[in-house]
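The following blocks contain the structures, represented as structure tokens.
Both complexes below contain subunit A, partnered by subunit B and then by subunit C.
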Partner chain A sequence: MALLNRILYDAIYHTTPILLCVIGGLFAYKAGVLNIALEGMMLAGSFVAVLVAVNSQSVWLAYLSAIAVSLILGLVFSYMSVNRKGNVIIIGLAINMIVPAVAGFVLQSMGVPNLTAKWINPVIFRVHLPVVERIPVLGSLLSGHPIGTYISFLVIFLAYVLLYKTKFGIYTRVVGESPETAKSLGIKSNYYATLAILIGSLLCAVAGVNLAYERLGIFTNNMTAGRGFIAIAAIYCGKGEPLKSSLYAFIFGLARALAVNLSIYAGNVAALFDIIPYFVMIAILAVNAGYSNRNLRMRTYW
Partner chain B sequence: MPSGTASFPPGVDMETILSTKALTKKFGGFTANDQIFLTVHEGQIKAIVGENGAGKTTLMNMLYGELQPTSGEIFLRGEKVEFSSPRDAITKGIGMVHQHFMLVPSMTVYENIVLGAEIPGEHLKFLIDRKEEKRRCQSLTEKYGYDLDLNEKISELSIGEQQKVEILKMLYRDVDILILDEPTSVLTPQEVDEFLKQLVDLKAKGKTIILISHKLREIMGVSDEITVIKRGKTIGNVKTEETSEPALAQMMVGRKVLLTVQNQYKPTDNKRVMLQVKNLQTNDRLGKLAVDHVSFTIHSGEVFGIVGVDGNGQTELVKILSGMMEATGGTVEYNGQEITNCLSDQLRKSGIGIIPEDRYGEGLCQEMSLCQNAIAGAVTSKPFSRHAVFNRKQINEYCQHLIDAYQIHIADFNGNVSQLSGGNAQKLIVAREMEGEPRLLIACQPTRGVDIGAIEFIHRQIIDFRDRGGAVLLVSSELNEILSLSDRIGVMYKGKIIGEVDPRTTTETEIGLLMAGMVPDLENGIRSI
Partner chain C sequence: MKRIKWKNLANSVLPVFFALLIGAVIMLAMGHNPLNAYRIMFERPLFTLRGLTNTLHIAGPLLLAGLAIAVTFRSNLYNMGVEGQLIFGGFLAGLAGAYLHIPNPFLHKFVCLVVGIIAGMMFVLIPAILRAFLRVDEMVVTLTLNYVMMTVLEYLSSGPFRNQGAGYVSTNTIDKTAMFNRIGKTRLTPFFIIAFLVFLLFFFMHKRMVFGYRGEAVGKNPEFAEATGLRVRRHIVQVMIISGALAGLAGAGHMMSHEFNYTLSFSGTPGIGWDGMLISLLGGHSPAGVLIAAVFYSALKTGSDNINMYTGIPKEIVAIIQGLIVLFLSIRFINDRFGLTKRWRNKRNMKGTVHGTFE
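Entry: the complex of A and B
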């Protein structure tokens, strides 16, 4: 029972950064832009948050500067891809490679293997929900997570309203699904695509902050460990719909929680459990792709 | 000299609502519209005709603000206007329904109608007021007598219904001038009739309509005035009552054309079964039968026509027969030999010629040269290559032979296929397939998007091939084409061949009803399936 509880608590905990990336990234997905720079933007959020925290000792300055830097990356990405019509894969790759390179350089020149904001006690970010906390099993599951976790679940709902109930959301979907229609009605495609990408940057920054700063107060290079790509997989599996994609994000979070918790019992083969999230990802994508074409007997010649 | 105004005698009182003066549009060095003078009178239906590529769509896109003229002027109610986007045109009362629909498939009918002009909520301004949107759309459909479910998704609608949504979209914006770019090319004959009635209705309600088409019969039926465009120039401006179909065709092409091919139905004796299809089936993406137990037989010296509204399984049927898709059941026999699910390479070798529906997707490679395309499908055979090396001289000679024999108009012999107009690209495919000396020809939409001159030529080729004893499977959504070329006609509806008719005795009405899924029933009149 205690183990199960732990696994579920961890599942929520591990879902948070992925979920934030998913919700952020699905706007660009809906606007028809493949944003593979989620990973880089998240890592930038982690790095800048801890770096600023170490140097300024200010909680909020850390938060804000992480967001600012990620937004700048988002602007670079959208300018290059949307305005200049560059290849999104190349631009995204560039961002994903530049961020760890810069972080690595800074770490090296500071002569440290990783950054630690020693004055931070992650406990200060924990939110204790007043009433919920008292509920027997559920209370310990739902209460005591970092702020980012609550933001991430709130954001699912906000994304839904934004996408389906507002002009912004409708236009964003039109731009992605039927760009010619957008053009014929005078909807400014570039404007909506850019905004969609920037929402992604914003939430990726929050994800990065959650990952490094809120949880541990530590930054190690490449600590995002492919979560941005897992988020892309979740977005694709859920076809960019907030609820569905979030569900996939949770499946990945759960897989990660299983890997971490079961490895306690597994001794040397512990490392194998870490494969679970990736295995789940490949399986879901493969099944999804196979499933949507299961009826069609179209020939393809390679 | 604006020939438009000149052709109307003075004293006839007609308000000019829209006109252009020397309107010109260049794409790079290519002049798509060359000094166009157009005059549209208020409350009338103005038809614009011209062959494919004549520049009709380009002209309309300028009137609708989607393209900006290189030079020239547009006048609306006597006032010079400049549109920087469709939004400007719509505000001034000009709306356009494009040749390719501009609808968002995953959104509902009413969402599409109000798209771009959403109504903000009363209290929360950033949320949209769906109730009010629906209410306004409801009253709009009632006013114009359109029968549509506002909550249905566009992807669930038939093409005819989608078109209504497009028109409602413009009426919602309360435009006075409605531009329709080739609106009838995707409709069944019945839908076309209904559509044309709606146009007359709209005109009665005071709208001015600009109708683009290359279907002369429709134009003759509803329009008040006709402007003919050829190679980007206005070459004629006539009142409908003062002209005729042959006269218009002659203006469009610049010479006399035969609108229907001369076709003698010759009964060939001792006919041989060339293609026998039995209970053929395959699924679509959703697992529904796209081709549903289709059976038919084609003999040598015979054209079997399959007609139907697009999307009723004809595409899939042809894909199976040409080896691009697999059948899940049934058999295909060619000349006594089973060829079910053979690869297209094997089919070609056994003597089947294929003119595919998607000219540039499956028929030609636009980025390759004429010669390379001319030998596609035969690259490894003897005269063209030996020991895996091409014989350039042979290939060039062969390509030149095709160009001469099939009157393909080219600009540069060494250039790519992308230089060819639609008609000439299609002729290249016909030439290649015919020269392979097939015994069975599968032709799918062979004249879609092809100019009248080339249509005449391709039809002649098909009839000559049949007269030489070839068997032809002709799939087309052009009723005229099917009627004038076929010896027998099968009508496809929802994946099935729901009726076979004889072109010599059938009527357009009968076929039209079958295309809409109505089977004539001897006892009860018509029954819908």
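Entry: the complex of A and C
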């Protein structure tokens, strides 16, 4: 029972940053821009949050500066991709390379291997829901998480409403699905694409803050460890729909939780749990693609 | 024709220039002399015999990784899994080197290289088949498979194949018969010659043979290629397999000429596969360009150690410069037709027409 509780808690815990990235990335996906810089933006969020927290001892300044830096990266990304029509994949890769390099550079010139905000007690970020906490399984699932977790679940529904019920969302989807239609309707494609990318970098910053700052108050370089790419895969699997994509994010979180918790019993082999979600995802992509191809009834064209 | 070539060159040189410029600004802000730092960084790896041979030695796997990416890019495919295929090739070549005791040194080396190549080819088969027959985006699949491979190898090298005598996670060191020895007093090994021969093969394939042309045809317009009777599916699988083979060879060579056992930092950070991406971009995806870019990049890589040793500037400055190069490479500084004049002309024309806003 204790193990089950811990696995459920950890599943939510590991889902949070991926989920935030997924929701952030799917706006850009819907606007027709593949943002593989999620990873870099998340790392920037973690790094800046802890760096500012160490130096300023202010909780809110850390949040704000992390978001600001991530938004600047988003602006760079959108300027290069949307305005200058550069290759999005390469720009994303570049940002993913630059952020750890800058972080490493700063750490090296400070002469420390990683950053620790000692004055932070991660417990202050934990939210305990008064009644739910007492319920056996549900309690560990829903209560005692950092603020970012609750934000992430709230954001799923916000994203749904924003994408499907507002003018902004509809225009963004038009820009992504049919750029010609957008142009003929006089929709400012660049404006909507930029805005979609910026929403992504905002949420990535929150994910990064959650990962480094709310949980531990520690930053080590490359601590995002490919979560941004997992998020991209989840977006692809869910075809950019908020609820579906979030479900895939949760599958990843669950697999991670299993890997961590079962390593006590299974030893090294438990690390291999980590690769299950990747295979699940590739299988889903293949099945989805095969299914939609059958409906296309095209000639042999790839 | 010549004009276009000149512009391609400018589009590769200008990003490097701007990246170095920004790097210089950062160094100035920290109170270091950037010119001095750049002199230290490039002088030794390019203008001393020992440094130059070392640079070429490091450039071998980089050249192959760059070609692995270039060959897919030309057909408009994205094999982002070069890193995964490379470490898999290196790992299996390492096992073959350590566990197969073949007394004949030539045969042993040959077997190891073949094992590496086959490993790379097998691993790329998953995304290649999914792409060709089910139209699954190969970029996402290759990206995710990198992490799968990293996790699996981490498990294998720290579990079943761990060298118990070593104080850190590593596999057994490969046999002497599987190691490429240095040529004379230089750091060059015969592996560089192999890499160079592969490069020559590609150079001629790209220029003189049908395969290179077909690749470009598929890359530029797949519908047209299909309509003229090219077998696009088969071509996709072929290109991906070649890419995987090159990556596997690069990994095997890196193992047998430089690392000699598999550790968790086998391909370094950001990893030879990712370096190959930069090299291919920098070289404009042409074989000759890839060669020049690989040597330049290798100089940058070996020079970063010097910069740390002699100036006190953290060597991550080089990583920042690398990232900036990639960032600037993503856009074309100079269009095929001069961007500035074209825009100006468009503006002037638009004034005269009623529907000017619709371009």
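As a working rule, the second predicted complex is superposed on the first by the 267 of 302 C-alpha atoms of A that agree within 3 Å, B and C clash if a C-alpha of one lies under 4 Å from a C-alpha of the other, contacts with A are read in each partner's own complex, and residues count from 1 in each chain.
Keep in mind that, in the parts below, a contact is a pair of C-beta atoms (placed from the backbone, for glycine too) under 8 Å apart; a residue touches a chain by one contact, two chains touch by 3 or more.
Values in this document were obtained by computation on a predicted structure and should not be read as measured data.
For subunit A, the partner touching the most residues, choosing from subunit B and subunit C, is C. Once chain A of one complex is fitted onto chain A of the other, the partner contacts of A:285 are limited to subunit C, with no touch recorded for subunit B.
Judged by the touch definition given at the top, the superposed model places A:118 against neither subunit B nor subunit C. Within subunit A, the residues touched by subunit B in the first complex and by subunit C in the second are 293, 299. Those residues of subunit A that touch subunit B in the shared complex are 161, 165-167, 170, 173-174, 177-178, 180-181, 183-187, 292-299. The part of subunit C that touches subunit A in the complex is made up of residues 30, 78, 126, 130-132, 134-137, 139-141, 143-145, 147-148, 151-152, 154-155, 158-159, 222-223, 226, 232-233, 236, 269-270, 274, 277, 281, 314-317, 319-320, 322-324, 326-327, 329-331.
Considering their complex, residues 66, 85-88, 90, 96, 98, 100, 102-107, 111, 115-116, 118, 120, 126-128, 282-288, 319, 323-328, 343 of subunit B touch subunit A.
Contact residues on subunit A toward subunit C in their complex (touch as defined above): 36, 76, 80-81, 84-87, 89-91, 93-95, 97-98, 100-102, 104-105, 108-109, 222, 226, 229-230, 232-233, 236, 268-269, 271-272, 274-275, 278-279, 281-282, 285-286, 289-290, 293, 299-302.
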